[in-house]
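Encoded as structure tokens, the structure appears first; notes follow it.
Naming follows writing order (A, B, C, D, E and F), and every chain is counted from residue 1.
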Amino acid sequence: MQEVTPQSYTLVITGAPYASQAPQTALEFARAARASGHRIKRVFLYGDGVQLASALTAPPSDESHWPRVWAEFLTSEGIPGIVCIASALRRGLVDENERKRHELTASNLRPPFIIAGLGEWVEAQRGDSRVLYFHGAR
Amino acid sequence: MSRTLIIVDTPPYGSWGGREALDMVFSLAAFDQEVSLLFLDAGVHWLRKGQAPEDIRQKSAERNLLAAPVFGVEALLADDGACQTYGLSEDRLLDGVTRVTADAALLAGFDHIAFAS
Amino acid sequence: MHEIQTLHIVNKAPDHPRFRRCLAMLAPGDTLLLIEDAVLATGLKALAADVPCLALAPDLRARGLEVSTGQRIETTDYAGMVALTAKARRVISW
Amino acid sequence: MQEVTPQSYTLVITGAPYASQAPQTALEFARAARASGHRIKRVFLYGDGVQLASALTAPPSDESHWPRVWAEFLTSEGIPGIVCIASALRRGLVDENERKRHELTASNLRPPFIIAGLGEWVEAQRGDSRVLYFHGAR
Amino acid sequence: MHEIQTLHIVNKAPDHPRFRRCLAMLAPGDTLLLIEDAVLATGLKALAADVPCLALAPDLRARGLEVSTGQRIETTDYAGMVALTAKARRVISW
Amino acid sequence: MSRTLIIVDTPPYGSWGGREALDMVFSLAAFDQEVSLLFLDAGVHWLRKGQAPEDIRQKSAERNLLAAPVFGVEALLADDGACQTYGLSEDRLLDGVTRVTADAALLAGFDHIAFAS
């Protein structure tokens, strides 16, 4: 067996579930990376990818529930899931803070996802973690 | 009765447009409307035999399509040129698919023509 | 020392402008990895890539595709994809 | 001035706001159609287009608020705005009924939009109204 | 009696597969309407359409484009778009 | 310090990918990271002078880009081939844009290369 130098990854998901395959590919990648002894430092949702953090998704019971499966993975592995605030607000994804600030009727962010700025992504970009993107197909 | 053609030009699994096109087709058929499906360009990949999407945790597009005649969908049409481009020979194509040349003359036979996205 | 200069990961169908652009940007020392809709390129008569080319097996199987021996395309899985990214100096997701 | 025979239109929007131009083009079309004496029988949101019915969108204040502008237009013109239930559930858009049925934490459908099945679209397709689609650009 | 057989409305950029497909499907008696990103086709050297072709002026202006007289492309606005759909036997949104 | 190249290959207004690419660029610049922007294929339309999107109720992409040098963005690069394809001559291009040939050699100068979508 080949020696593996452990790496630290930041995964950026820009494709939405039920519109692209991005969240599924990213999850299989993350699982394989963990199984190979690598670290996932954080997962960052950007653009249409923020839909993965919705608490209100209810797909047919014979289809994968990507937001739930991702949330469980992040929780069990202790990986921070960060949702870009600018992308989220344009697409109707808000936590309790943003609900209050914008006087909205409800919040719909699924734990353990949290909302933060692009600074979190810049941090990854300039640090020593490898940044990998998972885009939509169209 | 009016005739509808729904067109799919995106491949299965990578995006959802095709699935939502199929939902439209099955809904029309359920309400006894005359409806056909045309697979065009990269969309012809919906029609390849032997799809096994278990490992990417999606439902089989192939199995989904096999139900089409049962539900009263008039025809499954595949653009011949696209099949050739992607090496989709007759023996690799799902049963019950008609190869056609997708051109203006084909479209002329339908009252409504729509994409799902 | 990196074994791969740039790993190019493409997920777009072959008729997408970004797929063609990716092919035009390959350099010696690079590796091309086809995932999602991009694996449909294995069904094309010719895939003009002068660098090592791999396709993700779960995505091939999903679409009913097999890589023929004449195509000079290897298959890999998610663990192989991870290994490729770890070996590359840079990764571009097209 | 040319004689205009009044038409009845069904508009189907499949492109999301803040991802495509579809909701904007559809709105300008609808306004122009009304100004020309035509009727908009219904607006149907399908696929990614269902995001237009989100009650939780909070775009930057110097950008158009498409869900709000559309909701106001539908209300003032008395046009039914229908959201495809299958598309909506996969994308985390639910009304009070669906919230209860799927035991979700909140609902986020913006009035006057209502949730219904594709039957509403079939109705338009076989009736005498002209069905026009507004897709995303990618 | 309809003045237009099929009105083809395209909103995709010229490098999108569906844009090319739409051009290949035009028939005599049809009209082509370019909206949104499709108006970028007016900047191309040749737009091979043998049918009447119009472009939506608000979308042209947004993108800094003007239609030159040699191009045989007319411009229209949203009211004109409505009129075109009312005159057509069928409309296809590509 | 690492050098980042963000690539935009989609035109402005019809979709949002380009705007979100710009947000990435401005964020990197705000944190004093070296970042350049490359406009490729249909993306070169971001660089045309005289954009007036008021009637489609969007913010001007052109004005957005004019702020780039002020914010410390290293370079605005445009693929020469794409400019020629779309008839974007020198006098129609925004000031401060450098025409380049987008090839492997250009990419080699950057440590990180990303699209926004």
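By definition in this document, a residue touches a chain if its C-beta (ideal position, glycine included) is under 8 Å from a C-beta of that chain, and two chains touch if they have at least 3 such contacts.
What you are looking at is a predicted structure, and each value in this text was computed from that prediction instead of being measured.
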item	value
Inter-chain pair with the most contacting C-beta pairs	A-D
Relative to subunit A, chain with the most remote C-alpha centre	E
Farthest-lying chain, centroid of Cα atoms versus that of subunit B	F
Subunit C and subunit F, separation of their C-alpha mean positions in angstrom	27
Distance between chain centroids, defined by C-alpha means - subunit B, subunit F (Å)	38
Distance from subunit B to subunit A - Cα centre to Cα centre, in angstrom	33
Of all residues in subunit D, the ones touching two or more other chains	18-19, 21, 25, 28, 47-48, 63, 86, 133, 135-138
Multi-chain contact residues (two or more partners), subunit C	11, 13, 15-17, 36-37, 58, 93-94
Junction residues of subunit F, two or more chains touched	10, 13-17, 41-42, 56, 58, 112, 114-115
Touch list for subunit A against partner subunit D, complex	16-19, 47-48, 51, 54-60, 63, 67, 86, 89-94, 98-99, 102, 104-108, 136, 138
Parts of subunit D lying in touch with subunit E, wherever the complex brings them together	4-5, 7, 9, 21-22, 25, 28-29, 31-33, 35-36, 38, 130, 132-135, 137-138
Contacting residues of subunit E [partner subunit F, same complex]	11, 13-15, 36-37, 40, 43-45, 57-59, 61-65
Residues of subunit B that touch subunit A when the two form their complex	10, 13-17, 56-59
Sites on subunit B touched by subunit C in the complex	10-15, 41-42, 45, 48-53, 55-56, 58, 62, 85-88, 92
